[in-house]
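We just call them A, B and C in the order they show up, numbering each chain from 1.
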Amino acid sequence: MRIALFTTCLVDGLFPHAAAATVRLLERLGHEVVVPPGQACCGQMHVNSGYPAQAEPVVRNHVRAFWPVVAGEWDAVVAPSGSCVGSTRHQQARVARQAGDERLAVAAERVAARTYELSELLVDVLGVTDVGAWFPHTVTYHPTCHSLRMLRVGDRPTRLLGQVDGLRLVDLPDADQCCGFGGTFALKNSATSVAMVSDKADCVQASGAEVVTAGDWSCLMNIDGALSRRGAGVRAVHLAEILAATRGEPWRPPGTRPAAARSAS
Amino acid sequence: MTAREEVLAAVRAALGRGPDGEPASPVPGGPRAVHVPRAYRVATGTAPGSVAACDLLEHRLLDYRARVTRCGPDDVAATVARELAGAASVAVPHGLPEAWVDAVRVGGASVLADEPGRPLGAAALDRTDAVVTGCRVAVADTGTIVLDAGPGQGRRVLTLVPDRHVCVVRADQVVGSVPEAVRLLEAHPDRPLTWISGPSATSDIELVRVEGVHGPRDLRVVLVGP
Amino acid sequence: MATPGHAPRSSPERLVSTYLGMPGVPPKPAAEPLDPLRWGPTFPEAARGTLGDAQLRTNLRRATRTIRDKRVAVTAELPDWEALRDAGAAIKADAMERLPELLEQLEVTVTARGGTVHWARDAAEANRIVTDLVRAAGAREVVKVKSMATQEIGLNEHLEAEGIAAHETDLAELIVQLAGDRPSHILVPAIHRNRDEIRDVFRTRMPDAPAGLTNEPAALAMAARAHLRALFLRADVAISGANLAIAGTGTVAVVESEGNGRMCLTLPRTLVTVMGIEKVLPDFRDLEVFLQLLPRSSTGERMNPYTTMWTGVTPGDGPQDFHLVLLDNGRTRALADEIGRQALHCIRCSACLNVCPVYERTGGHAYGSVYPGPIGAILTPQLLGLDDADEATASLPFASTLCGACYDACPVKIDIPTALVHLRDRALHDGAPRRPTAAGAAMGAAAAVLSSGPRFRWALRASALAGRVLGGRRVRRLPWPGSLWTAGRDLPALPVRSFRDAWARARRTDGRGRP
């Protein structure tokens, strides 16, 4: 399959290792990955912050960048984020309609129909749960709200994790509770957000895991930030990074080698 | 404009209609403006009047901490009398079967009859220990008994003020589901309806359930078996 | 702060109450609100206060979790729960579309059965109507069934100012009224008080509280029973709300647990029911849906202990004088918003409060309205209007992480997250053009950057430069507004290169990203 990577703006700028891991994983499974250079952002931040009018050019750019998937040039679009995929499915067409652009709305719906969150792509489209990964650590999984309730990815991520060699999956208490990120909520309602994430960090620590994982770096960034602040010694690692790790190319902390290093070799 | 006219005009304007805007569809009972899917169950696996329905009703009522006694059709009066043990005064509604009233008298309690033209006052009922009634329908699934003020069920105040309510439910009055009950009751929607599911209760303090507040604290159901 | 070796000083509340000779249970919140629909500071400001109250957070955590588990258990046992939700949502949407016809029909059916229907444009008009009715009945006191509509219009305070005593009879409402509090939950208004506090409220404010009253919930409930029984027996007028009313038959329903509702709806001669216009349902048969959705979603029971339904006046049985007051008070304003109007579908079950992670931490008072929680965050601003909303009202749609738990729990499938996002837009942009804000300017700049691949690439290069300067160190403290993040979280280590730059270095691209 030829798969286009929707990197997402957050991963592109702050967590490039998650995008590199997604590429590595899909290539290992025998697929071709393309990274459309025109892409930037899905518009979710603007919509959720109350600026849908400003989101319109952002949505337009996204739809233009990924239109080849509708034209048949690629087979699918994948993002290492539940909430960005949720935004393409549930917000983009609405933004376009509110701006009075029905053509853009329909185009956005067509692109969204071929856009998948990583665990959806692997399990539903590619039909794999054992991706041949090796990750010899105790891991707990936080189901992010948008992947849980907007995309309903269900047990796909834990099915994938369950097949990872060496990985011991432990339950996260109160797993379905929001971590308190909520985009600009983390700033506008800082005190409440910090109260929520500190409860989440308590649960992560109580799980006994060395690593907390999720399908979204946004929520992970929040949880990781709180864990780091208290010196908890628990690492946050994106689902893609765990699934990309093998005995031959084990997971290493970001920064210890260049992003997308394997492509360069 | 009167308040009535102004509110209705504001509703029409909010819906994007003119001040004398045409209705979206004819009035109630007629077609809906939005299709209502009714894929929920009306009949459940529990057949009305069945032993299973009675068993389920009993289970649900016990869950609410009501008391349930099963008996055969010939033992109703004796069972009612037993459930009234200790009550010195018992209110009875108009239309209650004579045999039950006699059973109350035999038990030694004084009978206060609520009759048309001679209604019992609330203060008198407040000094009355118990009341005996029948019911209109009972819902097994939810453990609910519905009274519609028909014969033998009494005015609403009767089953409210005395602290013990002995309620006789015949098996043929037990339906499986809430929709089945509503469809029976819609024949007389004008009657005052009281839906009772266990003794009065509150969870207002730390969400700890306490049975028995203002309504009868003691609900005793006599379930007359098939 | 207490000095070691010295007794702690009395709290200010304690001093004030001692001097005034008042009992030592300070009300929550401390200040008398002006408008029950919106009082207090902005949500973030109010939340800072309640987040610091450890006792409150413990009470809330325990309570919301208990009720959440019960709800999940009783909804899961119905195989057709989702079908019931679909039906409930559609019945409500249909009722809104036909609201003018249904209200007119309800007026006809209630009147035909001996009731009287009144219409009120706003709170003041509704309060005046009720006051006149109480006066006409010759009463100086009334008993009340728990009702959100009468709380919303501040009826008790209005009646008191007119010399009429309004006695709340629901246990939680009684606690709230005696303590001088504001309710903090739709279903369990005194959820912010624990048993010890409630015992103290009863001991100090209930004249006939038994000596030696303990903190046992059963003992407290019995004290309330004894206190209220005398009132029920002597009251001439009762005031209630309504959970729903059936246009086709004129039937009105009140769903309750304690029997105080039955007392009020049965014993007094005169009954005045105040009902929001959105509570009307078309047909009697619709009851079969809502009598399943409401109890299971609200108290987590298969059925609530008591539901009373009455149709006008029944000679010789119950109130012989019945008045139904139909209240607008901003509802038509909400109805005009095609996305926001679904807030009017709400059946006040409070399931959304119990599952909300924000509510669980902040409690209801932070929302500064009789309608707290997720539903309050979309209902309050719409009832008040957003054209010239004050800062506090405009902060409500932002009081959510958009986690979606409320949408999943809602028995009539109100899409609260979508409504919240829509109302954020309205809160920022409705009404007269406002002065440009820093946030607005930042969003504009961000849109320019995020709507072009090349422009975004340059922005990422600036960030990567910072990453190189920091050399993998994590920032722990930033100046405002970054301090809002670093208040409880470290920043991630910034990478030295964005993904797109790393990718471009690694692979020659043909413009479509193909190697």
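The definition used in the following text is that a contact is a pair of C-beta atoms (placed from the backbone, for glycine too) under 8 Å apart; a residue touches a chain by one contact, two chains touch by 3 or more.
Each chain and its UniProt protein: A = Glycolate oxidase; B = LUD domain-containing protein.
From a predicted model like this one, the values you see are computed outputs, not experimental measurements.
Novice: Give me the fewest steps it takes to get from chain A (Glycolate oxidase) to chain B (LUD domain-containing protein) if each step has to go to a chain it touches.
Specialist: Minimal hop count between chain A (Glycolate oxidase) and chain B (LUD domain-containing protein): 2.
Novice: With chain centres defined as mean CA positions, report which chain is farthest from chain C.
Specialist: A
Novice: Let me have the rounded angstrom distance from the C-alpha centre of chain A (Glycolate oxidase) over to the C-alpha centre of chain B (LUD domain-containing protein), please.
Specialist: 53
Novice: Which whole number of Å gives the spacing of the CA centres of chain B (LUD domain-containing protein) and chain C?
Specialist: Using C-alpha averages as centres, the distance is 30 Å.
Novice: Please list all residues of chain C that touch 2 or more other chains.
Specialist: Nothing qualifies.
Novice: Could you list, by residue number, the parts of chain C that touch chain B (LUD domain-containing protein) in their complex?
Specialist: Those in contact with chain B (LUD domain-containing protein) are residues 59, 62-63, 66-67, 79-80, 83-84, 86-87, 90-91, 93-94, 96-105, 113, 118-121, 125, 169-172, 175, 188, 190-191, 194-195, 198, 217-218, 220-221, 224-225, 228-229, 232-233, 246-251, 257-260, 262-263, 265-267, 277, 282-285, 287-289, 291-292, 295, 299, 301-312, 314, 316-318, 326, 328, 332-333, 335-336, 341.
Novice: Quick check: in the complex, which residue numbers of chain B (LUD domain-containing protein) touch chain C?
Specialist: Residues in contact with chain C: 2-4, 6-8, 10-15, 17, 21, 23-29, 32-42, 60, 63-64, 116, 119, 122-123, 126, 139, 141-144, 149, 155-157, 160, 178-179, 181-183, 185-186, 189-208, 210, 212-216.
Novice: Taking the complex as given, what residues does chain C use to touch chain A (Glycolate oxidase)?
Specialist: Chain C reaches chain A (Glycolate oxidase) through residues 43-44, 47-48, 51, 357-358, 361-362, 397-405, 407-408, 418, 421, 424-425, 427-429, 439-440, 443-444, 446-453, 455-456, 459-460, 463, 472, 474, 476, 481, 484-485, 487-500, 502-507, 509, 511-515.
Novice: Name, in rising order, each residue of chain A (Glycolate oxidase) that touches chain C in their complex.
Specialist: 4-5, 7, 9, 11-17, 19-20, 34-41, 43, 45-55, 57-58, 60-61, 65, 68, 73, 90-91, 145-146, 148-150, 176-178, 180-198, 221-222, 224-226, 228-229, 254-255, 258-261, 263-264
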